[in-house]
Amino acid sequence: MSQKLKILLFLTLFHTHVAFASDPDPLQDFCIAFKDSASGNPSCKNSSAVTVEDFTFSGIKFPGNYSQTGFSATPVNSNVFPGLNTLGMSFVRADFDVGGVNVPHSHPRATETAFVMEGRIYSGFVDTNNRVYAKVVEKGEVMVFPRGLVHFQMNVGDTAASILGSFNSQNPGLQKIPAAIFGSGIEEALLEKAFGLNAKEIAKLRKRFLPH
Amino acid sequence: MSQKLKILLFLTLFHTHVAFASDPDPLQDFCIAFKDSASGNPSCKNSSAVTVEDFTFSGIKFPGNYSQTGFSATPVNSNVFPGLNTLGMSFVRADFDVGGVNVPHSHPRATETAFVMEGRIYSGFVDTNNRVYAKVVEKGEVMVFPRGLVHFQMNVGDTAASILGSFNSQNPGLQKIPAAIFGSGIEEALLEKAFGLNAKEIAKLRKRFLPH
Amino acid sequence: MSQKLKILLFLTLFHTHVAFASDPDPLQDFCIAFKDSASGNPSCKNSSAVTVEDFTFSGIKFPGNYSQTGFSATPVNSNVFPGLNTLGMSFVRADFDVGGVNVPHSHPRATETAFVMEGRIYSGFVDTNNRVYAKVVEKGEVMVFPRGLVHFQMNVGDTAASILGSFNSQNPGLQKIPAAIFGSGIEEALLEKAFGLNAKEIAKLRKRFLPH
Amino acid sequence: MSQKLKILLFLTLFHTHVAFASDPDPLQDFCIAFKDSASGNPSCKNSSAVTVEDFTFSGIKFPGNYSQTGFSATPVNSNVFPGLNTLGMSFVRADFDVGGVNVPHSHPRATETAFVMEGRIYSGFVDTNNRVYAKVVEKGEVMVFPRGLVHFQMNVGDTAASILGSFNSQNPGLQKIPAAIFGSGIEEALLEKAFGLNAKEIAKLRKRFLPH
Amino acid sequence: MSQKLKILLFLTLFHTHVAFASDPDPLQDFCIAFKDSASGNPSCKNSSAVTVEDFTFSGIKFPGNYSQTGFSATPVNSNVFPGLNTLGMSFVRADFDVGGVNVPHSHPRATETAFVMEGRIYSGFVDTNNRVYAKVVEKGEVMVFPRGLVHFQMNVGDTAASILGSFNSQNPGLQKIPAAIFGSGIEEALLEKAFGLNAKEIAKLRKRFLPH
Amino acid sequence: MSQKLKILLFLTLFHTHVAFASDPDPLQDFCIAFKDSASGNPSCKNSSAVTVEDFTFSGIKFPGNYSQTGFSATPVNSNVFPGLNTLGMSFVRADFDVGGVNVPHSHPRATETAFVMEGRIYSGFVDTNNRVYAKVVEKGEVMVFPRGLVHFQMNVGDTAASILGSFNSQNPGLQKIPAAIFGSGIEEALLEKAFGLNAKEIAKLRKRFLPH
């Protein structure tokens, strides 16, 4: 097929801009996200090629490496587990060193239920009236973080701790507050006014969180 | 365009896995599902090529052939009536021989309203407390089957019967219990325990429902 | 890649018809609608190519030219502002000459909140019991038009007026009643009965609204 | 409990305004709408009082009386069939005298699939580009009317005709264009400009459609 | 206030039947379901009375007692953990004796992600084409069961096993196939035809599953 | 009616916990939130008592008083404009003194389109990859902030500035980052680790943002 014809076809076809996606209400049993090598466009995997492996995930058997704050997280959304595509769910394994901290963050597109697999974790969220709901939760307990609200966790036990978080979106998103605010390049003047800090204090924070 | 460039483009473009679809809230008047012959990907039909025929369906004027249980169904979802695409609805014509049975089944993605066009049909569903709601419905009556719950029908009249079922999903899905359980290849040991049947009894059921 | 292989691939891939879109619940931060020049299919813009310009719109700084009824509207949906794609919102700037009229119309897929930027505007909607809710709203006031209901506006002040309307759909649609009814080609006999008008009266209306 | 305490409790309790409802995704098997005689507030019927009669409807076995345009409709939404509550569906029986007309109208909150039970019906809708999609549909055929768009029907056969319309909302709403526009009390000056009619012509239309 | 006045008020107020609920998109940070002792109607708990305890759950630290099939499940939905109300999520702890079976069942209103906490579990689901996707999953692995589809599990390891299942509905519902089909009171004649079993065989199954 | 009977009725009625609300898809034309003085429960206003005033809002004609950061906002959600209830929209007027700052914040339940009514405003948001999209927008321009993501604004012009923000939720919520993090009472040790600040620095921030 000639390039010209293709372009013509393209111009003819492309009428309506198209939203890709929305969580609720799948339209088929499943749609394993698939990269069509002919067109370069995403698609559902041919059902005859789907296997049970598409619906299972083995990548969170072990914790990852701890970050600077003694924390490790493996988010499992539809980007890494294509079988979740269109099904409106995803999850995360998080591990905490003793004293480890999951910094204040929010998931812009999901509620989270966090199940404590090991340890004792100070855990909480802040509502839109700036009221904090926090307590120490232990192995076998569950805490719910309402959609979009800032929440946080810290291992206050004597041993490593871990949680399994579940989300009601295939791609909940994650916005870590310290990095989003001080590591993204927002104008310093704005940050100074917003936090009541001086240029030096803001510079210190930016130095810590801006990518090097 | 060279194949290499295509692959490059593909790798560059494919960032976000993509959910295809969700019933609620169309984003345009309609989107007649269309198979783009250039790329092999689904798309909306060019609006200048859309005609009234895309919005009408003539394939359920007559009943189909009865199955082993004296039943015939023609499900009409967006796969066979592309005009339904994005509009969140579909339907089915079902015909019953005298004594014919629509076996216990569920639609995993829709509620159904079933209108009796002809005949007298014992009709019901089971709620999640295992309570059955069933009665004989007659020509001109309507029964509603809540989303995802097992329901069933049997022609208890002296003549053939038929219904028109409507769904609030463009592709409600259909899971017939006998075939899903005994005709799909679930481990025999599991089925024996689940139903309290012995190996011979399970084998009889599997023989009936497994594809030959 | 040969054309044959492409067709084969296409036939293999295309199993499930696909709904493009639904307003609620984005699955990623954003998805700038993009026309893939390789395949001719819509897609999300590669995130490394996204800039702040994709999220800003400058096309409604000034009013457009008044129509026959002294009215001008610039609807800004995801078709003209691709950054709105998947985000479930859009908007419109409308300007009214003195006495200018926004004819009765509906948005089939959205509620509208209309903020008066300038002037005094008789503004209202009709509910499904044919009850009208209308009054004169002034600069700084807001009126809400529930989803799908017919509404209308007329500049009753001494100066030009303008509003900013916002919608909770990326593509709310617009159906202007006079043109939809009399300018679309609905059978005359039906219109005569529906409105209790004679052939001559209908012809006059059709002459005004049918495209020439 | 004293009246004072009640009022106090009320003031304490009433913090958040509350949206009643939304079609998608029921939260229980069913919720038969129930009028609590103690409090006067709507509620779900106690499940032990629910019977199969709550899920069946017998009120559309026969046509109603024809209107001025030779048309009769019995809409069955959750207001008259409480079992539909939360299930996202409803339906309508419509009957047409020979030549009978279902005037141009829209359902602001639902798509409709219309199944022809008897007769030959000129049937169509108008899209947001003022293009009409219309044809004669016959017994056993189905036409789909996308959500919120104006549509219409006229019996063009030699005998009475009837349809069963199904909706993907428990309360789709109905806005008949002639009565909504000319029978609701919209300012005459606005209507004159909108339709290009003079005061006398508008008066004639209003006389026909305004309630007497 | 007199009883008469109350009834009058009630009759005046109760116009629109009301759907209680829908999973997506909360309208406030949270709404702890609350039983208003004045009116007997459900409501959101007064925010000043909300505490962190409303957002945590401690009831699944330990397994329950095994059933006849060596299985125990503690479903945690908004009925038992009111803090989940409006947040669109819930979960379940399931424990398996050696050889224990979670019988084929479906959740009519949710997708499930099942995380294996301990043991080796044969686990799978059946799609709407009666194809089974099953395998043995082990500690730390996750399997996803698409919304509304029949799925099942059996402990095939040498020790007790347990899983944590998460749902994207605050009340996903549970329909166990054996009990729903044979323990709910569906007409025997229908079951005989549906499963190809004789009266005696059906009687045996009903005896096992009908409540005594 | 006796108190006992009431309690009995209450215990009988209250079976299913109930989610109040969800943005998409109204089930009636409108539902003006109403405080039933008999029962103390929210309800829809009797339609005969609804007037056009319920659909209009006059409370944002003028700016409010500037805060410490030279900023003033009047959020208009369904709590203050009951006519928005069930319609899935709300809005805000924001005013900026010269140099005034709208501190980094997020709306956990909505996308926002912000229209600049006056002035020149540095405006932006941060995506979940910590990339900032920011620029100066001017009178008549619009910026979109995707759902749940942190965004911010600062008046960089020589005169007061103002915007009209619109939301696709009737109650989008607002979480101001500085106050949510430092003014809510999150454990100091956690904040120290999260931001890499010492106790003194955290104390300074808490002093500024904790309510006095």
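Labels for the chains are A, B, C, D, E and F, by order of writing; each one numbers its residues from 1.
Note that a residue touches a chain if its C-beta (ideal position, glycine included) is under 8 Å from a C-beta of that chain, and two chains touch if they have at least 3 such contacts.
For reference, the UniProt names are A, B, C, D, E, F = Germin-like protein.
In this text the structure is predicted, and so the values were computed from the model without any measurement.
A.B. asks: By mean C-alpha position, what chain is farthest away from chain B (Germin-like protein)?
C.D. replies: The chain farthest from chain B (Germin-like protein), judged by C-alpha centres, is F.
A.B. asks: More C-beta pairs touching across which pair, C-F or D-F?
C.D. replies: More contacting C-beta pairs are found at C-F.
A.B. asks: Quick one: chain A (Germin-like protein) and chain B (Germin-like protein), Cα centre-to-centre, how many Å?
C.D. replies: Going by mean C-alpha positions, chain A (Germin-like protein) sits 34 Å from chain B (Germin-like protein).
A.B. asks: With centres defined as the mean C-alpha position, give me the chain A (Germin-like protein)-chain E (Germin-like protein) separation in Å.
C.D. replies: Comparing mean C-alpha positions, chain E (Germin-like protein) is 26 Å from chain A (Germin-like protein).
A.B. asks: Measuring from the mean C-alpha position of chain B (Germin-like protein) to the mean C-alpha position of chain F (Germin-like protein), what distance in angstrom results?
C.D. replies: Each chain's C-alpha centroid was found; their separation is 42 Å.
A.B. asks: Which chain A (Germin-like protein) residues touch at least two other chains?
C.D. replies: 1, 6, 9-10, 13, 16, 18-29, 31, 36, 38-44, 47, 78, 108-109, 124, 128, 134, 146-147, 149, 170-171, 173
A.B. asks: Can you tell me which positions in chain E (Germin-like protein) touch chain F (Germin-like protein) when the two form their complex?
C.D. replies: Interface residues on the chain E (Germin-like protein) side: 1, 3, 5-6, 9-10, 12-13, 15-16, 18-29, 31, 33, 35-44, 78-79, 82, 85-86, 170-171.
A.B. asks: Across the complex, what residues on chain B (Germin-like protein) touch chain D (Germin-like protein)?
C.D. replies: 23-24, 26, 29-30, 47, 50-58, 60-62, 76, 81, 83-84, 87-91, 111-113, 115, 117, 124-125, 127-129, 133-135, 137, 139-147, 149, 164, 166, 168
A.B. asks: Write out the stretch or stretches of chain F (Germin-like protein) touching chain A (Germin-like protein) in their complex.
C.D. replies: 69-70, 99, 101, 103-104, 106-109, 122, 124, 126, 128, 130-132, 134, 146-150, 152, 154, 173-187, 189-191, 193-197, 201, 205, 208, 211
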